[in-house]
Structures are given as structure tokens and as C-alpha cells.
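Data first, discussion second: the structure below is written as C-alpha cells.
Here the chain labels run A, B and C in written order, and each chain numbers its own residues starting at 1.
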């Protein structure tokens, strides 16, 4: 392929990888810190996408707001959802063993799917990118690249940096990192573990919902999208190492590259490449690329 | 096996044997399907409940058994059961050997994901390559026969054959689990460290369990292909791997009859919530009812449905139901 | 020190490094038949690492392990166990959901594995059953055979640890703090058992209870920071100036 096509694929890989990282980071946090396997994490992504579709007209007519207003409203709702969900449901899962968590969150997936079906239906929708981001950038002589995709990459990068900052420079981040490696010790230090968990969970949910919202114009909005992203997210978390944000980023980018270039170079095998990658990495490093923290 | 459990299982099989006489065509068809899933669930119970290996790719072995059935059946004439069935079981077991040999290098969640990865590889082979006929799936040309004795094309004969397979698998696993091999698996599940310190090389045992489990899942796949005469990639999907895991957790891990109960409960719950007679308009949202039921079951029944008699008995006796010691004391030799 | 064929287990110049840290530095020791060889040392001295290397759970960075005259340095733990090496753990490594009898029987099964006999009931295996009862009785548990192991008292669980060790009829016993968490009466019982076992086995004992060690050990190796600073009879060790300074002095 020529250089421009290569560049486009690289940008696509970056965008996909960073988006994946965003969703996966919530999953690895919740699993790494609270030890809860949450199969419903993909549902939050789906909820975000459907929110982008359903909220836009509401926000438009009520506040007269546009894209960013919708994002803001969606975020607030997501944090609320995460907070309530942790309080009412997930807090009971901490003492349960992993298989029971799998079962309960599987039930939750079904519930979310049907609630969405009841509220907004099962149709596939397209979501328009906001006008000021809908243009394209010229690349080389013949090709162009959508600005919105660059916007997605940019936002994900900013969020990734923000996460890095919170984790390494703030007290909250320190508590979270301590919590992921030694839960009992954090509790014995007098830190309110319940509140910490609720915050982490709400943040994880909000991030996944947000990712779904900004991805909507690019991936379109369809019923099975939660499950598709869920399974890839688990692959990201496992390759990267459970509880490791660094690992999730590296793994997500790796998958982004393998998947994007796989679709172009080996279209028949593209679906399986990610799993081959995971199998190879786990056989080399049975605990994933990085340890938690 | 304790007498009460033995009686329960015998009663269940007797009921199943009588079922075709009581039910119509739909009922027979439904229960045939459920029995196939029960065999599938039993295969996973061997891995998860008895050996402690949580495999999230069981559907691959089921699917390979199913696809092998279709692909090995010749275009003309009905193949003989005598070679077709063992061949399909063997192919599934072979893939299980490969998957097991590689996956058993990992532990915990990583093990779960590696088994998933191998299932996904099988999924994409049938989904994206001409081998499996793609998303449309492939049709079974003709159903196998056992000479002139058995024609699996007939629903009654097929029901009987499936029931025989179910009883056979259940009986085999019962014997296997109380044998030296089965006790070794239990020891590996409870404390692998001690097993190794005593002199058991645990890897061959786990691999053997994997292969046997894969073969049984392949048998279930074979039966499924013969029943519907049609296979498609969704048989190897991770959703299906997840569903069978749900079945055995719902039924109760660590008990063979848990797999039976779980398969029936899961299927019957689906039928219940899908029924338009009861839910009318809302029947198409049956996932909601199923999801809520699953959540309720796990919340209220920590040991699965198998633990219900125990919990009820404890309640009646006034002790705290479901406490750890009461649960632990119920386990005979583990 | 005695007939070479009496040395049932030998560690030669065992060294173990974790990255830059040297956990064990050229540690050598002999286990003779009919003796109790105790290994003592402060926390972090490397005792656990040593016992893990001898049992085969982790490989040494350099050095060799000989069992009954054979070089077993590359052998896995199960293989060494089958060759006659028994090991008990500092933390109870039992099967809590099985009965005491089944705990011992499953341990004994390691010597008569026969996994291909899928139709026979394991409980009917006379070989493992007799051996299980014998080792349980020897460890003083014969009136608790049907009790669920998880419900035993701590001292009884430690007895079970030993019983499971004995069920495979080992020649060499590696005992990691068998007296941990025991009261006075239980300690006496355990020491009596060890004295009785001594005649037919070679026993390596890692312990913190100094009184018990000096009572029962025939030979004591003292370790500090991964190195052996003294090795000899209890009297020798008691009077050794290096030991006084490094270890007993702080006691």
C-alpha cells in the first residue's frame, strides 16, 4: 500500500485503539480494584451510544444546546447511573465469588438490553457528528481524513493523560492504586473503602458511557454493540494485565493495529487475529504484559 | 451417591422416559433439545464443578461435533451411526487436546480468556472461511442410522436415543468422579498444591479432564446437528459458551444433577418468558424476565438450585440458611 | 559424618537469586537416616526458600539436590514426592471439604494412582485405605476419621498435615514449622510423634520454637541472610560464638 493509505490505517488504528482503551480502562479498574467481573460493562458503552442518539434532540429542544451539551448531560446521567448501580447492585457482589458475579452481571446485560429495547427500540441508528467537526482534512493528493476521527483520538488521549495525572499525582489516585494491590491494607488505613469503590465504579461507568457517546457517529448505534465491545475489552484487560492502566493502553493500541491492518491485509482472517494475538501473548506471559498499578 | 440424590436422578430419568407418551410433538421436540443441552452442561460441569477449570470456550467443542456431523455425512445415503458418532466425538476431543495443552499453562482469569480465544478461533474459521459455509451455515444431507434398528430421522427414535445418551453420559461421569481419577480431579480443585506435594503430576489429569469434557460436548453437538439438520456459526459463539456456564452455575456447581437441573431450568425459564399466552405483548422482551430471574436466583440461592432442598430444610430447622458451615458440611467427600 | 549411604537427602552449594537479591548463598546440608536435622534462623534467613528448593517447588539458581543417591535437581515436585520425599507446609495445606480419612486416602492414592480404572470406586481401594488409616492413627487422628477436615482445631489440622505427609510412605520428611500455633500439650504430642518417626525416616525440621528444636534435633543448621553460619550438634551450636552473636544473642 502507498504511504497515504498506510497513514490513514495508522490513524484508524490509533483511533480504534484509544477508544478501546477508554472502555477497557473502566473494566480493568473495576476488576483490578474491586475484584468484580462485570460482564455488563459493554452495556454501558451501548447505553452511551443510544444516549447520543436519543438525548441530542431532547437537549436541543430544552436547552438549545448542541453536541457538547449532549455530552455533558450524558456524562452527568452516567455518573448518577454508576453511583446508584454500585449502591443498589454491585456493592453486593464484592463478597461473592467470581462465577456468581459472572452470572449476576450476565443477567444485568439481559436486563439492560430489554430496558433499552422498551425505551428506544431495537432499530439501528446513525448519529451525525456535529457540523464543526464533520469536515475532512486533506492527506496527500487524493485522500482525505475525517476530522471527527481525529477528534475522537484527541479526546481519548486527553482523557488518558488526565487519568495518568489522577493516578500518579493525586491522593485519590494513590488510594486507588493501593486499593488495587492490597484491599485489606487500604481499609485498615482508615480510608473509606465504600466511598472509594463507589467513586471508582461511577468513574468506570461514566468513561464507558462517554466512549459510547463519542463513538456513535463513527460506529453507528445498534443493539449488539455492547457485547461486541465487551469481549474485545476483556481481551485488552487480559493482555494488558488485570488492574494495569498502562497495560490496558498498550494492549488496546496493539489490538487497534492488529485489527485495523488485519482487516486490510488479511480480510478473511481479520476476526480471529486479535484472539491469536491474545493466545500468543498469554502463552509467553501467562499473567499479561504488566502487573497492576 | 446419597439415597435421596439417587432417587431424584432415577425419578427424573423415569419421567423423561415417560414424556413422549404424555406430550405432543412440540413437547417432545423441546425436551429433546433440553436433553442435548443437559449433555453439553454435564461436559462443562466435569471441567468447572469437578476440576475447578473454568472454561469459557466450551461451545467450540460442541460446534466442532456439530459441524463434523454435517461435513462427514456423505451426500448420498444415510451414514452409519457406528462410525459417524465416534468420529465426531473424537474430532471434538482432539481440538480439546490442543486447546487444553496450550491453555493449561495459564491460570485464573487468564485461563478463562485463553479458552475463549481458542473458541473464537474456531468461530472465525467457520464464520469467515468456506469450510463452514459462512454465516448461512450448512444443512445436514441425511440423518445417520444404526443399520435397520434405528432411524434417527424419526422424532421418537431420536428422543429415545438422546435420552439413552444422557443417561449414559450421566452414568459414566458418576462412575468417573468416584473413581481414583475423579478423586484426583477433586483434589486438584480443592488444593492443587497438596496434590503435587503428595506426588500427583497434575497437568496430565487436567488435560485428560479437558479431553473427556471436549468429547462429551462433541457428542452433544452431534446430537444437535442431527436433530435440527442444520448448523451455523452461532453454535460456536461465546454467547453459547456463556449460556452453558450460566446453566451449570444456576443449577449448582459440584453436582452432576446440578447440570441437569440447570439446563432444564434455563430452558424452561426461557420458554416461560417467551410464552405469549402468559405475557402477551411483552413476550418479545423475554430477556428481561430471564435476566431478572437469573439475578434473583444468584442473590437468593448461593449454591444454585441444587441447594434449594438443603436451604429449605435448614430454614425449617431454624438454622441460618446458606451459611458457610452448613454448606460445607453438606459436601460428602467434597 | 557416618556412612554415606545413610545420607538420604543432600543439598550441595544451593544458591538462589531473585533478580539482584541473593536469597540463598551456597547452602549445603545432609539429612541422615534416623536423625532430625533442624534448620533455624531469623525471618528472611532463607529457610522457606531452602525447603522449597529441596522439595522441588522452585529450582535453584545453582547447586544440586540429591535424593536417596540420585541427582533430582531437575525433577519436579511430584516426581520427588513419588521417589520418597514428603513435605508438610507451614500453613495448613489440607483438603478442608473432605473428611480426615479421605484427606489421608487421597494422599496415599499418590502411590497407587491407576487413573485408568474409571469404573472402580476409589473408596474401595484397599491399598490407599489401609495406608490412610495407618498414617492417620500414627498421627493420633484415629477417632476423627469421619470429621470434616475444615472443622478440626488448629492443632488437629497440623496433625493432619503430618498424617498426609506420612500417607505416601516417604523416606525423607521436610517439615515446615509443624509446631506453628500449637499449645503446650499439642506441642508435646507432636514432639513425641517426631521422636517416634525419627527411627525410620530422615527429617528436616524448620522451626522457630527453640526449646523444641534443642530437645529433638540431632543436628542444627543456623542460617542468617541466606548463608549457613553454623552446623553441628545442639551443644556445638549453643556454644558457637558466631551463633550467639548473630542469632541467639538477639533472642
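Operating definition for what follows: a residue touches a chain if its C-beta (ideal position, glycine included) is under 8 Å from a C-beta of that chain, and two chains touch if they have at least 3 such contacts.
Please read all numbers here as calculations on a predicted model, not as lab measurements.
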**Report entry** Chain whose Cα centroid lies nearest the overall Cα centroid
**Finding:** B
Report summary line: By Cα centroid distance, the chain farthest from subunit C is A
Query raised in the report: Taking each chain's centre as the mean of its CA atoms, how far is subunit B from subunit C in angstrom?
Result: 43
**Report entry** Where subunit A and subunit C are represented by their mean Cα positions, the distance between them in whole Å
**Finding:** 50
Report task. Measure off the straight-line distance from the CA centroid of subunit A to the CA centroid of subunit B, and report it in whole Å. Result -> 33
Report task. Would you give the residues of subunit C that are in contact with at least 2 other chains, written as numbers and ranges? Result -> none
Query raised in the report: Which of the residues in subunit A come into contact with subunit B in the complex?
Result: 37, 39, 92, 96, 98-100, 102-104, 106-111, 113-115, 117-118, 227, 231, 234-235, 238, 242, 268-272, 275-276, 278-279, 282-283, 286-288
Query - Complex contacts: residues of subunit B adjacent to subunit C - result: 172, 175-176, 178-184, 186-187, 190-191, 193-202, 205, 208, 325, 328-329, 331, 333-334
Requested in this report: Write out the stretch or stretches of subunit B touching subunit A in their complex.
Outcome: 48, 54, 102, 105-107, 109-110, 113-114, 116-118, 120-121, 123-125, 127-129, 238-239, 242, 245-246, 249-250, 253, 285, 287-288, 290-295, 297-299, 302
Report summary line: subunit C residues touching subunit B in their complex are 55, 76-79, 81-82, 86-87, 89, 93-99, 102, 106-107, 109-123, 125, 148, 150-151, 164, 167-168
